[in-house]
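Below, chain A partners chain B and then partners chain C, in two separate complexes.
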Partner chain A sequence: MPSNPAKLKIIWLQGITCNGNTHSFLNDPSLGRLLESVEFIHHPLLACTLNLSELVEHLPASDILIIEGSYKADFERAYRRMDSVLPALAAKAEHIVSLGSCASFGGIFKEADPERISGIVFDREKALGPLAEMMPKVITLSGCPVHPKWLTFVIDMIRAGKAISVDEFRRPKELYAYLVHNGCLRNEYFEWKVDSDRFGTKEGCLFYAQGCQAPFTHGSCNKILWNEVSSKTRSGTPCFGCTEPSFPKRELFSTKTYMSIPAEVPLGVPKRSYLALTGAAKSFHIKRLEERLIDDNA
Partner chain B sequence: MITHELIERIEGEAVLDFRTDREGRVEEANIRFLHFRGMEAILEGRNALDALVIAPRVCGICGHSHLIAAARMLENLYQNGGEALPITSKAYAIREITRLCEVMQNHIKWLYLVMLHESGKLLKLEPPSALKALYVSSKINQLCALFSGQWPHSSYALPGGVTCDPTHIEVMQALKILSEVEGFVREDILGCDVQAYEYTLSDGSLLGLSGDFGTLLRRFEELELLESGKSYGRYLALGDEIGVWEKGERSLADLNLVREDGSKSFDQGGNMYAKNALYGGEFYETGPLARAMLTNRTGIANLHNRYGDTALTRLSARVDEVVVILARVEELLRTLELSEASFIPPEPIQTLSAEGVGIVEAPRGSLIHRARIEKGKITAYSIITPTQWNLGNGTATLPGIAQKAMIGADSIAKASLIFRTFDVCSVCTTH
Partner chain C sequence: MARLSKEERKISIMTKALELFSTEGFYQTTMPSIAEKIGMSVGNLYNYFTSKEMLAKDLILYIANILGEEIRKINESPLSTKEKIDAIVHMYFKIAQERPETIEYFLRVYLSNREVFQNCCEGMICVSAFVTELMIFFEEGVRCGDLRDQDFFSAFGLFMGYLGGMVFLNGEKILPKSLESYELSISDNIYHALKSR
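Up next is the complex of A and B:
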C-alpha cells in the first residue's frame, strides 16, 4: 500500500429505506479510523462535501458508490428520479456496494409494490435490476441491516487494491461462506436434536420449532458479533434469514415441519440423511442437555 | 414570497414550503414528506408475530420502539381475546432498559449530528467532529444488544416477555458501559457533574454550562432563537406516562379521542403522504418536553413556567431526558431480578381473533400500533408515529405544532433550525 494514499471518495445514496444500514454503520467503534482514509462526497448523516440537491445535480464520479435501500424507477431524491440518478452515478463509480437486503434483493419494501421495486442488481434471485450490466463492479452486502464491519471490510479491501472473492450474488465469500449457524452458542443442542421448548431460556436449539433459519442462512453473525457482543441467536431470537434473497419469508417464529423434521434442512444436507441422523440423535437421551444450564437462574 | 426548502439530515428528507413577507419573515410553513413505503399494507395478511420482525424496519433510528409497541399490541390483543398475558418484572425491566437505550442514543445523535451541525452552519462555523458522540452512541447500542442481541432491528421482545435470559455477566458489562456513557454526558454534554447541572437548571443559568449543550444554547442565543419556537403549549403522552397537559392542568388521556386525519394525503386528493394525528380534534405536542411536563420534572417544569414552550425549553427537555434516563437505566440494572422467568408462553396465536393496541414512548414521543387479527393473521394494521403529532399540517389560521413554532421566524434558515428542535424523522412520519 502506498504510504500516503489519497482518500477514497465515497457517495452514499439512499433509495427506499428505513436508514437502518446508516445507523448500523455508525455503530462501528473504529469509525474515526475509517474516516481518516475516506471522504464522503455525500452521506445522509455524516459531514460531506455535497448535499443531496448538489449531488443529484452534479452526479460526480466516485471510488465507491454505496446504495442503501431498494430501487424503484420513479422514486425521487431531491426531486430527481432514481432512474436518472442511479445509472449516471453508477457509470462514474469505480466500485458499487449494494448495502443491505433492500438494495441487494428488494427486501422488505419490495413487498409494497413487488412488480416495480427491486434491488439494484438482483430482483430477489434474478439479475434483473437496473445495474445488472454493471455486475462485475458490484459487491453485494445483504443483511437487514448489514454489520458495520462487513462494510468496512469491503472498503478496506478496495483501498488495499485486493480482489474480493464473491458468491453467485456477488457477496464476499469471507463474510457469507459461513452460515449464521456457525458459532451459535446452541450448536450442541442442534447436534443432539434437543429443541427449545420455549423462548427466554439459554437451552435448546431454535431450529426445530421457533423458526430459526441459521442452518441455511449465509452470514457471519455468530463470527463477527453484533455490536461487538451478541447476535440474534445468542439472545435467544431465531435467525430470520435476512441476508438471503427470500427475506422476508412468512411465519417467522415457527418452523414448518415435514415428517416431524424441519421442512428446510441444513444447507447442502440431503433430506433423507438428515432424517436418519435426527432419528439416531434423538434416540440418545443426554441428561446434561435436558437440564438447565445454570441451576439458580430460573 | 413562496420558497421550497429541502430539509436533509432528518432520517430522509422533508420539504418546507415557506410563505414569507417582504422582510423575509415566515408567515406560513407547510411541511411535506416525500417518501412513502406502505408498512401497514406490508404487515396485513401476515402472521401477527411477523409484525415483530417487520415493524422495527419502519425506522433505522427508533425501530426498537416499534418492536416494543408491536409486542405490547400483541399482548393487549391476547388480553382482549380472553387470555391475560402478564409479563414478569424481569421481562418488563429488560424491555425498559433497551427502550431507554434507544432513546438516549437518539438524543445524543440529534444533539451532535443535527443541532450542533446545523446551528454551526448558520453561524458559518466548521462542521464539528461528532466522532466521540457517535462512539458513545455505539456503546449505548452495545448495552442494548447485551439483551436484545443487536441494534438496530432486534426482534427479541415477544408477547409473553423477552427471548434473552441474561446472566450477571451481561448486567456487569452493561453497568460498565453505562458509567462510560455517564462520563461522556458529564464531561462533554454538560461540562459539570449532574448535581451542578441540576443547580444551573433550577437557577436559570443553563447558558453558562461549559459543555456542548451550553454551546448549543449560546448559539441559539446568538441567533436570537432561544425564546422563539413557541407553539400551543399543550402536551400529550400516551405510552409509559399517560396524560394530557394544558394550561397548567394535568388530566388523564383518553385513547378514544385519538384520531388520524388523512384529508391532506395523496390517497384523498391532497399533496402529501403524512397523516395528522389529533387528540380531541386538535394538535398536541408529544416527545421529551411533553414527558417532562406530564411527569412534572422540576427543572424542565420551572423552565417552562418561566419561558413557555420556547426553543430553550424544548432543547433542554431533550438533553435533560438523557440525564434522567441514565439514572433510571442504572436503577433497572441494579435491581434486575435474574431468577425470574424471561418469558411466559402464551397460547398459539393461531387460536386468536381480536383487536389490540400497543403504545410506547419512543424517542420522539407517543408511538401507537393497532391491529386486528383473525385466527392469528393480521387483517388490519395501523401505526401512528410521534412525528405525526408534532409535524402535522394544519391551516394558516390553525397551524400544526411545528408549523406554529416556525411562524414569525426572521428567515427561512432560522425557521428550518426551529423545525429541527422537534427532532424530525421522515421515515417514521409517512412509514
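Up next is the complex of A and C:
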C-alpha cells in the first residue's frame, strides 16, 4: 500500500429509506479516522463535494458506490428517476455496497409495494434487482440497520486492496458466517431450554416464546457489539432476523409454533434431532438457571 | 448354531424379563427370578445388567425405540393426517395384541413406578424416541392445516391417554369386543377431537 494513498471516493446515495443506516454509521467511534481516508462525493448528511442535484446531473465515477434504501424504478431523487440514476452511477463505480436490508433485499419498504420495490441486486432471495448483472462487484451488508463497523470493515478491506470472501447473497463471511446466536449470553439457557417469560431480563432464552430468530439469522451482532457494549439479545430483546432476505416477518415478539413446537429450528439441525435433544434437556431442572442472576430481594 | 453376540444376548434377556415385569410387576420380579426364567446364573445376569433398575431402564428405552421406529415409518409415509392417525392406532393395538408385554410394561411398570426411574430416566429421556415422533406427527399435522394448533401435551394426552386406556381396559378383560374392533371409531374420535375447525 502506498505510504500516502489517495482518498477513496465514495458516493452514498439513498433510495427509499428511513435514514437508519446513515444514523447508525454516525455512531461509529472510529468515524473520525475513517473520514480522514475517504472523500464523500455525495453523502446525505456529511460534508461532501456534490449536492444531490449536482450528483444526478454529473453522475460521476467513484471507488465505492453505497446505496442505502430500497429500489423502485420510478422513485425520484432530485427529479431524476432511480432507473436512470442508479445504473449509470453503478456502471462507473469500482465497488458497490448495498447497505441495509432495504437496499439488499427490499426490506420493510418492499411491504408497501411488493411487486415494484426490491433490493438493488436481490429481490428477497432472488437475484432479480436492477444491478443483478453487476453482482461480482457488489458487497451486500444487510441489517436493519447495518452495524457501523460492518461498513467500516468493508471500506477498510477495499482500501487495503484485499479480497472479501462472501456468501451466496454477497455478504462478507467475516461478518455473516456467524449466527446471531453465536456469542449470545443466553446460550446456557438455550442449551437447557430455560425460557424467558418476559423482555428485558438477564435470564432465560428468548427463542422458545419471545420470537428470537438468532439461531437461524446470520450476523455478528453478539461478536461485534452494538455501541461497543451490547446487542438485542443481551439486553433482553429477541433478534428480529433483520439480516436475512425474509425480513421482515410478522409477529416479531412471539415464536411461531405448531403444537408448542417451534416452526423453525436452529439452522442446519434436523428437526427430529432438535426435538429429541430438547425433550432430553427439558427433563432436567437446573435450579441455578431458574433463579434470578442478581436477586435484589435475596 | 452361531453363538449370540453380547448385544443379542442382552435382547434375549430383556425379552424374557419383559414378560416377568409385565405380569408380576416391578417389585415382585427379582434378578434371581429373571435368571431362573432365562436359565442362567444370577451372577452371569449381572454381567449384562448391573442392577434391576438398569435392566428396567434399558427395557423402557427398548420399547420406546420400537414404538418410535413404527411411528417414524408412518410419519415418513405419504399418508394423510387422518390416515396416519388410523395407522398409529392400528400399530399400537397390533403391538398390544401381538406383544402385550411391551405396552403392559409401559403402562404397569414405567408409568406406575416412577420412583424406580427418577434417577436414570428423568422426564421424557427414556421415552424420547417415541415422544419425538409424536411431536413430529403433531407439528406436521398443524403445519399442513389438518390439525388445530394447541398445547402439545393437551393433544399428546388425548391421543396416547386414549390408546393406553383402551389397552388397559382390554388387559383387564373389561372390553366386550376385541381391541381391533374399536380401531376405526377410536381413530375417528381422535381425528375429530384434534382436527382444525
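Assume the second predicted complex is superposed on the first by the 293 of 298 C-alpha atoms of A that agree within 3 Å, B and C clash if a C-alpha of one lies under 4 Å from a C-alpha of the other, contacts with A are read in each partner's own complex, and residues count from 1 in each chain.
The rule we apply is simple: a residue touches a chain if its C-beta (ideal position, glycine included) is under 8 Å from a C-beta of that chain, and two chains touch if they have at least 3 such contacts.
Keep in mind that what you see is a predicted model, and the values were worked out from it rather than measured.
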item: Which superposed partner A:Arg272 touches (first chain B, second chain C, both, neither); value: second
item: Which of chain B and chain C A:Leu128 touches, first, second, both or neither; value: neither
item: Which of chain B and chain C A:Phe284 touches, first, second, both or neither; value: second
item: A:Ala263 touches, of chain B and chain C: first, second, both or neither?; value: second
item: Which of chain B and chain C A:Phe75 touches, first, second, both or neither; value: first
item: Which superposed partner A:Ala91 touches (first chain B, second chain C, both, neither); value: neither
item: Which partner, chain B or chain C, touches more chain A residues; value: B
item: Shared chain A surface residues [contacts with chain B and with chain C]; value: none
item: Chain A-facing residues of chain C, complex; value: 122-125, 128-129, 131-133, 135-136, 138-143, 147, 149-153, 155
item: Residues of chain A touching chain B in the complex; value: 14, 16-24, 26-29, 31-32, 35, 44-47, 51-53, 75-79, 108-109, 111-113, 144-145, 198-202, 226-237, 240, 248, 250-254, 294, 296-298
item: Residue ranges of chain B touching chain A (in the complex, touch as defined); value: 6, 8-9, 11-13, 34-35, 37-39, 41-42, 46-47, 49-50, 52-54, 57-61, 63, 91, 109, 113, 117, 127, 130-131, 134-135, 137-139, 141-142, 144-156, 158, 160-165, 167, 173, 338-343, 345, 427
item: Interface residues, chain A side, partner chain C - complex; value: 257-261, 263, 271-272, 275-276, 279-280, 282-284
